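Okay, got some structures for you below.
Each of the next two complexes has chain A plus one more chain, namely chain B in the first and chain C in the second.
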Partner chain A sequence: MLREIGVTNVEELFADIPPKVRLKHGLKLPPPMSELDAKRHVKSLLSKNKPFTEMPMFLGGGVWPHYIPAHVRSLVQRSEFLTSYTPYQAEVSQGMLQALFEYQSLVAELVGLDVANSSMYDWATAVGEAALMCARVTGRKKFLVPKLMSPERLSVLKNYTSGPALEIVEIGYDGVTGQLRMDELGGKLGEDIAGVYIENPSYLGFLETQVQEIAEKTRGAGALFVVGVNPISLGLLKPPGDYGADIAVGEGQPLGNPVNFGGPTLGIFACRNEQKLVRQLPGRLVGMTTTLDGNTRGYTMTLQTREQHIRRERATSNICSNEALCAVAAAIYLTSMGPSGLREVAETCASNAAYAMKKLQKVKGLKVPIFDSPHFNEFTLKCVKPELGIETFNDRLLELGVHGGTPVQGEFPELGETAVLCTTELHTKEDIDKLVEAAAKAVEGKK
Partner chain B sequence: MKYRQARWTADGSLEPLVFELGGKGRRCTFSCGKQLSETNIPEGFLRASINLPELSEPEVVRHYTHLSQMNFGVDSGFYPLGSCTMKYNPKISEELADLETATNIHPYQSEETVQGALELMYNLERSLAEIAGVSRVCLHPAAGAHGELLGMLIVRAHFKSKGEERTEVIVPDSAHGTNFTSAAMAGFNVVVVPSDSRGRVDIAALGGAVSKKTAALMLTNPNTLGLFEDGILEIAKIVHKAGGLLYYDGANLNGIMGKARPGDMGFDIVHFNLHKTFSTPHGGGGPGAGPVGVCKDLERFLPVPMVEYSKKNKRYYLDYNKPVSIGKIKSFYGNFGVLVKAYTYILMMGAEGLEAATDAAVVNANYIMRKLEEVSGFEFKYPGPCKHETVASAEPLKTEKGITARDVAKSLLDYGQHAPTYYFPPIVPEALMIEPTETESKEELDRFVDALKRISEEAHSKPEKLRSAPTGTAIGRLDEVKAAREPILSWRMYRDIKDKVVQNRGASAENET
Partner chain C sequence: MEKYDIRDGLHYSREHEWVKVEGNLVRVGITDYAQRKLGDIVYAEMPEVGKQIKQIAEKKTREMELGALESIKAVSAVYSPISGTVKEVNKALQERPELVNTSPYNEGWICMIDPNALNAELGKLMDAKEYSDYLVKLG
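Showing the complex of A and B:
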């Protein structure tokens, strides 16, 4: 091949790299491993992790462990899906395009809106993109968020909106119920507000109960209403579209994707079918069309004039690679569960949480939950004994073979020594009983 | 060789949508078992119904198997999609990333229960830093464009900390579209510099473009023409002298990996595309991973947390204690599943393997370039040697026969080979951007060149065949204008439109009677 290229050695092909920056002695990396050695090495490294299948854990907060039916995993791993690039060539990529169209359709049904894009990176970046979209649609520059929103998502939101200098304004909560302060919302809503964002269920697990009123107030001020969801909850709960959301965002990981130490994740992004919204959507969209002769139904990426490769600095978002395969997993999952399966999973999650709360409430020295509101599958647990910190409490649980919830006292000091716990259908009665038993010992300082 | 893709049909149409399949009450076999308690959710918060399809498990499996068979991946055949580095993805990486010790760990687990994950990330960071010649690497970004945005936010934080107001980011006219958007999203104005007659950044124009307003230059090297920016040292000098930073778009790292490092060339910020250079599969659009490396001066702005090692405690930990960090650009710590695959790949390649991959990728691209130079109808606007990819122009075919780059690309599909990227970069008319990668054999490259030769001949003898290609794929060319003009983006919208059609028909029928 070198001869046909017309060079005598490979180095000639790199002669245009200035000698000053040519690596003289190669990269300093460990010597190459055989497949077998690499397998041994990575397996042994990962074996230092303790998966939640080996110990009851009560962690959620943005990614949630759920059962993934075996066929979902096996289908999504099919190499025609796995090893394809973005479906630029529609004729040879109908499978991926149709799967993504189905994902968009299923998510639209789930959140009760008309249109979903084919994915964002995660819930947090979807919130960031939603705020930017609200600003584009309304021409306004302030975005209201609940004070109790996920701190990670808030940080991402602030970074995403720092370019066009949107102002992120927090709205306080009722000390007893955790609910959004309607008086404060009313006071802050005005002609400068681009959008209002809530999380339902909230980061701390309770439901926002005044959603209808929030929607009305928001609409009244000419702002857009954005709702963040855990999609599993929508097997049971009223969807955002039913109570007036213009945009729904969320984390699609629990729909058939593993927790994976927090990634890959799947950003859900959906909106109502209104031209002013759809034309401002970020991210890829797959649309239904026909062949040029009009005879056969088919699918293609569409409305691409919104996107970076055509619109450049005026595009609605810079997103290019997204989380397509996670979206396919979500489509297969939702199709497999159907309405009754999804409802059953959602009910079991909530039922397990209700059971855990009921039992934990009987443990002296704990307040569970801290807010008097209905909860879905996450709830707060507060150590009320003055000398017992939540970190110590969690350490003791761990010694007793149970992993407690995520401490939130760092981000919300006013909530005290508090953690958020999560239950899903993966938790058995034994798991929860073990948690309660360990909690009672941990409060007493026993091992 | 004539290619026939699977074409699953029912009732004269392609595979039905899931909403058109199944029957009432069907679902997969999974069930949760008995519930422990009543939920505490009041009736008023519950939804009445949810319109999801109802399919049995075998129906689901057949449907998505059919769809997969109507899709083309690297495992199906040659995939020379320029700037996308569609190399073979080793199966061992999938197997390891799918271990329960990787998939079933939660990001909020206590550090002592995830030491393996942290160590893997720590090691991967060190390897990537060595490969790019940077000081530290943030593994959080989920994709290349996400890395670009992070890079631009770091640029902003840098100048803010220095009290300088710099508002412009310079981007060459050959750059990826994401560069323009990422800079704009971070609040910068984009200034475009032209390419010179050799397909490189016009250095005189760059000299004129920089000023006290210049925050950064975003540069892909090798650039999107597959050419190494041989004036890189001069470029770095100009940008740095003006007080700006140099940003490296890592989409084309496969052309120089192991030969030269962006950090040594003067780049201050570098993003990687693990789903390109480091062989993690692209999944039909993602997930990817777009880690960002920076020079020493910029480390302090990187997102939290970074993975550190405590010699005292002999353990890895997540360090959130970074007072001037920009915060977060994604929840948690990055696409960990993708990181496991890239880590496995680097382990197996080692330094020599990575350099050998670059050699083979560059030889393959130059081989295609040389062979195609002899095929009439195609030309190269800029002389080689190229690096890992090359951009052919089908302008002669278009001028002489009215056959466009798109026609060529669509015709290639009928040879069982994926099309190159076309109409990009925009500075080449009728561009076909070809990136063969190192994992293709000479025979495969010859088949590709032969296919283009046949297409070139048919441009004379059977131009209509090319204009109506492809015919061996699951479907023929689609009406993209209709798709954009009357968007149908979900089953809901489809149903609404169908209902309207039925109503209209009903209405007109009434009018007639």
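Showing the complex of A and C:
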């Protein structure tokens, strides 16, 4: 072959690569292994990992572990769902289209709004899309957000809105309760505000209790009200549509989707059924219709003229694929749980958090939670003992076999040495008691 | 060639919009030829009242767009044949966009514009005879 291509040896092929960056000796690798030996070797390496399933784990902060019934996975892994592509061709995609339509219907019911799209990438991109939608609907360029919103979501929001040059303006919080400062909101609301965004539950776990008032003020200024949610909380809490939200967004991962390095995630996006809103809705929308004789239901993508494959650079969004498989998993999960099942999950999450807070409050050197407000399934824990950092505290917890919360002192330095802890229905009383015991030792520096 | 409805007394753009002078204002719509090429209109995106608009030129820009008309699988921008300020939009199209198909020169009008350079700009448009010849050339 060398002769065919006109070189005399292999070295000549690499003549263009400077000698100083060339490897002069062979790779320092152990001798080859058989497949069986290689498997044993990899297994021994992997055994150094400590999976969160093997110790109580209290990380949340945007992705939450929940129990996923076995049939969710087995249904979602059917090849009809797993391998299907964007259902452009309705005549060969009725199953996928119906599954997505069911997902949309379930999400709409859950958030109390009329229309839901068939998903965005995650909560963060859904917030970005919501801000852009508010700007298109109102023709205004400023978007108000709470100062305590998730920093990751804020970063994505700024990224999404930098092109169309939207201005993201933060609203401060009450130092005691964490609640949005209403005077500041009132002062900033005006004819230039496209939308107001809140997170409920907040990134730090407490509930925003002034939602009705925020909705009225926002509407009064002609802006749109956007609410971000953890959908599990809606098993227990009033849906955003009931207190005046125009748009609801959220993270659909806790609905039947696992936590693998923080994903895969599922962006929830819904709005009121008003033509000026629906026409500006981002993302894919599946509709249901009946045949001319009225006997058969059919499903198809609808209002596609909003989308990229038709409207090109003037589309409402650059999202073309979506999180279809995660949406189907969410639909199966919600259908399995039903309203009473979801309520049970939400109640367990909230009562676990309440129990954990009550117990941790008794540990000297900790302040739990930092804000005096009701909480859902997450809460803050602050190390108030001098010279005890939250990272050190977490390291000590790990040594004691407990995975602590998400540190937020880097994102919100003004909150001090603080972490956000999450409880779900996966936590037992024993898990929480172990956390409390470990926390008491970690504060003292005991092993 | 197909027969298209072309009205005397209107001014026509090369993008198939028409202009009718009514006192100090002008009424704007799309022609019978345009509505037939678009097919069934399902949604009319209208300009905001008060929008400043420029007359369509060789190089099209956003400032020349009055809105868009959507058929089932296509969206077409509507360009303004006259510069000025949008004074009124045809609200009937919100509920019944098909009026653009059934009555392009009457009930299917798009908007009223307060022109700012009417005489100069009318000269750049075609009359009924010229537009008819133009359609013949398009084939």
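Please note the rule applied: the second predicted complex is superposed on the first by the 393 of 447 C-alpha atoms of A that agree within 3 Å, B and C clash if a C-alpha of one lies under 4 Å from a C-alpha of the other, contacts with A are read in each partner's own complex, and residues count from 1 in each chain.
The working rule: contacts are C-beta pairs under 8 Å (C-beta built on N, C-alpha and C of every residue); 3 or more make two chains touch, one makes a residue touch a chain.
Computed from a predicted structure; not experimentally measured.
Annotation for chain A, partner touching more residues between chain B and chain C: B.
Residue contacts after overlaying the shared chain place A:Gly341 against chain B, while chain C stays out of touching range. Once the two complexes are overlaid on the shared chain, A:Ile319 sits against chain B while remaining clear of chain C.
By the touch criterion defined above, A:Ser202 reaches neither chain B nor chain C. Once the two complexes are laid over each other on the shared chain, residue contacts for A:Lys158 go to chain B alone; chain C is not touched. Applying the stated contact rule after C-alpha superposition, one finds that A:Ile310 touches each of chain B and chain C. Of the two partner chains placed around the shared chain by superposition, chain B is the only one that A:Pro51 touches, whereas chain C remains out of contact. Contacts of A:Gly139 after superposition on the shared chain: chain C is touched, whereas chain B is not. Of the two partner chains, chain B is the only one that A:Leu59 touches; chain C does not reach it.
Put simply, chain A uses residues 304-305, 310-311, 314 to touch chain B in one complex and chain C in the other.
Across the complex, chain C is touched by residues 139, 275, 279, 304-305, 310-311, 314 of chain A.
By the touch criterion stated above, chain C contacts chain A in their complex at residues 43, 45, 48, 70, 73-75, 94.
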